[in-house]
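Next up: some structures, all given as structure tokens.
Shared chain: subunit A. Partners: subunit B in the first complex, subunit C in the second.
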Partner chain A sequence: MAIQSPSLDLGGGAGVRATPAAQVRGYWQQVGRRLRRDPVTLVCAVVLLLIVASALAAPWLGLADPYKTSMIRRLYPVGSPNHLLGTDELGRDMLSRLIHGGRLSLFMGVTPVVCALLIGGLLGITAGFMGGRVNMLIMRIMDVFYAFPSVLLAISLSGAMGAGAENTLLSLTLVFIPPICRVSESVTTQVRGFDFVEAARASGAGTLAIVRVHVLGNVLGPILVYATSLISVAIILAAGLSFLGLGVKPPEPEWGLMLNTLRQAIYVNPLLAALPGVMIFLTSICFNLMSDGLRAAMDVKA
Partner chain B sequence: MDRGGSAQPLLLARDLRKHFPIAGGLLGRATRVVRAVDDLSLSVEKGETLGVVGESGCGKSTVARLLMRLIKPDRGTMVLDGDPVDQPHGITVNELRRQVQMVFQDSYASLNPRLTIVETLAFAPKAHGLPSAEARARSRDLLAKVGLDPVHFADRYPHELSGGQRQRVNIARALALRPRLVILDEAVSALDKSVEAQVLNMLADLKSEFGLTYVFISHDLNVVQYLSDRVMVMYLGKIVEIGPVDAIYSDPQHPYTRALLSARPSMDPRKRTREAPIQGDPPNPIDPPSGCRFRTRCPFAEGVCAKAEPLLTDTGAQEVACHMRIKGSGHTRAP
Partner chain C sequence: MLLYALRRLIYLIPVAFGVSLLVFALVHLAPGDPISAIVPSDAPKELVDKLKEYYGFDKPLPVQYGRWLLVTLSGDFGTSIGTGRPVLQEVGSAFGNTIILAIGACLVAFSLAIVLGTAAAYAKSRIVDRLVTSIALVGVSVPHFWLAIVLVIVFSVELGWLPPMGLGPENATGWRLDWPHIKHMILPTIALSVIPLGVMTRTVRSTVKEILSMEFVTALHAKGMNDRQILLHVLKNAAPTCLAVMGLQAGNLIGGSILIETVFAWPGTGFLLNNAIFRRDLPILQGTTLVLAFFFMMLNLTVDVIQTFVDPRIKRG
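Coming up: the complex of A and B.
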């Protein structure tokens, strides 16, 4: 958010500039217009939409049963008839498992970020707006969590609580609260220092009204952009935990877990073994590029 | 609205003090303080414009924020038209803020970039319980009053306006709560000269139309002379001279005021300043000089100036804080 010096603006003060009404647009309309002109972000959005839609609609796509094993159809290569993407080490259809796996993987990626966004955002905005001792208390507690590398923290939390999807979600949420809190705190502190917040205080408005009208609108954008970039990290971490046996348990289809079990096939059929990794890579890079595009589009200057 | 009658000052401040602690040492303990405003007393009469001048860093803006209670004074009392502020039998800080409003210097930073002009203007009336439709109607009226056509400007965003237009919006916002006192903190300093003149004329019109009282803070001596009834000269958090504008500008008593006035640009080439009236920067307000704070830059400084602090003394037309104007102060030039 750049502050433009008014002294650069040499336009007349009183003169009413006749401007067609079409030029008067809201902030979000401008963001939308910028996004539509950004091909990278558009492609990423389409790819993500396809992955999410196919994962959601997986049971109704007429795919093979992702749990049905077969001892004779093991490790079919990519491109086999009836098994477009081959079969895994237990003879289950890879295409079906990859699409079904998206359900769990995306869920494990998005849910902790959303939960952490609610908790960390609330804490961070509170710390940033209140300042002083409240800020000190909240941010020093966050620093304690921050001291651990995020992967290590997730692994140790999952390890302590035991394997399983719920515990993975919980530990990932805890891992993401500190960074979101810190970003929220820093943008809120920045916005709080602007004269328009001071002017709102000078008008005698209550704290809640000031936060709702003047702070939230200016901090939610950067916080959401940052949270979007965390989704890819969450997907990778969740996959990593499953790979280590701390996340989802077999035979659930989940990209990280599939990557783990297909390890044994890496010399027999390396392409097949890499497929879940490709999905993880594709999803996380799309989320990353999309958050970049979003940030660029939301950085609206005068 | 008028409670105390015309003789009752609109705003009285007594012994206002604000020292900003500087965190340092272990655990961020406050080890030293910036003495931004030091035991300053002033009164603002009803319907007048009080000009406040001084170098940057002399505490002008801190005074403005103290008068609005945007920062809490370390000590000192304020009385708004006979009602003590933030006292058991007085008015609350919120009530003070309804009657005293402020316009900031940076016209862009003082507008929320995500709100349209009419939303910005309607915020304060709505926060004070006015229904939304009424608040918006009042905002559109105010836009017209500050010379901006509501049809064109109400639904614009701040970045679509020029600097002068934005400052008009800020003035309209300050008027939205129908205040009695408006503090203008360098409100026209960032505008270019032609726009500045338009805004100054508009301020004068608004003052008579709404019966306002202004505290006009500026470093521009010519603008202060044009707009003010009384002028207060500040140096390092203290008042050095205060009085009617004509007396101050025609017969400045304090050496600092004289230096300031001789340093201002003149249109007349014969009155060109030949040498710098005072040298150097103001001393650090963390450790202000003992006695008279101006003595380190004063050409007439003597022993007494370091020992005793000169108090504001009535010299007839104006009040001055200088040993040279205090009877029996010990200064060789004292009367």
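Coming up: the complex of A and C.
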């Protein structure tokens, strides 16, 4: 769950592929070809696609009502007739809740990273490209957030703001802005030093054109790869907040929250109590492997 | 060396200032009035006003911040709304328990990671490398609070070998180094060590691999040095990078043990923080966050200085 410190190799520009703008399309085609030949990444993509698709289509899959409680059908074991994965502590169908749970769990994991990517990326690229005082200001503010262990920051913010999905999204976004900003800043600083940026400026290109064509074209890859590596952390962290009772509120189906409420059942039906965690684990491992595959395919060293 | 440490320390002052601002803001992020947490909603208005005045919540925010900062700097972190005891006392005793757990987890995670990571980097066979990489992948992907529950299910519920919760036997007041206490530590330590184990194994493996491909290693081989002597050289060169990541991981363990402490009811800072959040005990929330952030900053500084001691090339401005 700990966010790995962004340590891009600055020596010799090994962290960034310096691609002249004209070759960019060829590069992305190459990335696509490499990805298609990577069996591990493909399998993970299929598994994730299945989880996402079933979560999105959950209301139309003919599953039991995930909110319908039943006092007499509580804690049915896995493999019961009509309840393939059993029922939870309030008699709700587990299979249905696990599939429905994917909606919130995935949403709560992916959204903060996307928001942080937009905000942190913008800040980092600005800091890297402008340099000087602007850089100082932005990066020193980020240093303040870096003074907190990431989990502590997320929990303290959520704890102060109170439980609820919106507050979790907000606090997780705040947690992920600084690392993304730091990576964006360091790759942008690196790209800015390349000769082709100097050449573009000498040939009369405006600042906006340089940023759009030369800088963005070269920094987006590494930033994107780094951001995808944060998704698995975000999913675990979001589930963790719900597990503590700081995230999604009951009775919504969400994996972290289900893990929390099923804790009382570990003496009665241990297998059942462990199920929601299996979903978190599976999703997180797939996102990690996808991110590794993407990194290899995009030839980004980070 | 000492001068460098001092420079880094001075650089931390503005950061620490920002940290204090953020921690102060925590209270005002909270919905409603900070006072509403301690008085019933039907309390007479005079009482609420009196309490507001007592805690200083009636002043404008910058004044409140200034006062809070001065009082905090003098070592007074306020009193817990829940227990009425001084915050510093509460945080202090909990902090010790967290440190014990964190040290255990660090020892397990780092020693295993160094062995596994080095073995994978040296491995000629792909199986060893694959195995180690898989272990590392599981370490960084597993939701550790779920692993904690699984450990309890297997070792406490099913096998009955180890206790499922608590610091030690019943009525134990503090931690002591004896078998019953260590027995209580085993499961939380394992659960806490998986993330740093995963992260460190990856770091050690990639760092050692990179160093092994450097020319000086070939030169050492050519000189006729044996493998064990070369390993020493390699590890010495891998140390700075690994140390930096270790420092971060150790800090994250201390700040991140809240989920594990909650599962095992381990009376550390995380457990304290969790209780404070649900009792709306804002002074404790503030105090714990501040102490942990301060510790994290100092830890990072120490690692930074040790790093330059090991490898003087990497001094930062």
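Methods note: the second predicted complex is superposed on the first by the 274 of 302 C-alpha atoms of A that agree within 3 Å, B and C clash if a C-alpha of one lies under 4 Å from a C-alpha of the other, contacts with A are read in each partner's own complex, and residues count from 1 in each chain.
To be clear about the criterion, a contact is a pair of C-beta atoms (placed from the backbone, for glycine too) under 8 Å apart; a residue touches a chain by one contact, two chains touch by 3 or more.
These numbers come from a predicted model, not from an experiment.
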item: Partner chain in contact with A:V110 - subunit B first, subunit C second, else both or neither; value: neither
item: Which superposed partner A:N218 touches (first subunit B, second subunit C, both, neither); value: first
item: Contacts of A:Y27 with subunit B and subunit C, given as first, second, both or neither; value: first
item: First (subunit B), second (subunit C), both or neither touched by A:I141; value: second
item: First, second, both or neither for A:A209, with subunit B first and subunit C second; value: first
item: First (subunit B), second (subunit C), both or neither touched by A:A199; value: first
item: Touched partner set for A:L35, first subunit B, second subunit C, both or neither; value: neither
item: Touching partner for A:F243 - first (subunit B), second (subunit C), both, neither; value: second
item: Residues of subunit A that lie at the interface with subunit B and also at the interface with subunit C; value: 1, 4-5, 7
item: Subunit A partner contacts - residues on subunit B that touch it in the complex; value: 68, 70, 93-95, 97-98, 101-102, 104, 106-115, 120, 123-124, 127-128, 147-149, 152-153, 155-157, 159-160, 162-168, 170, 173, 176-177, 190-192, 194-195, 198-199
item: Of all residues in subunit A, those that touch subunit B in their complex; value: 1, 3-14, 16-19, 23-24, 26-27, 194-196, 198-206, 209, 213-214, 217-218, 301-302
item: List of subunit A residues in touch with subunit C within their complex; value: 1-2, 4-5, 7, 140-141, 143-145, 147-153, 155-157, 159-162, 232, 236, 239-240, 243-246, 259, 263, 266-267, 270, 273-274, 276-277, 280-281, 284-285, 288-289
item: In the complex, subunit C residues that touch subunit A; value: 14-16, 18-19, 21-22, 26-27, 29-31, 137-138, 140-147, 149-150, 152-153, 157-158, 195-196, 199, 241, 244-245, 248-249, 251-252, 254-256, 258-259, 262-263, 273-274, 276-278, 282, 285, 289, 292-293, 296-297
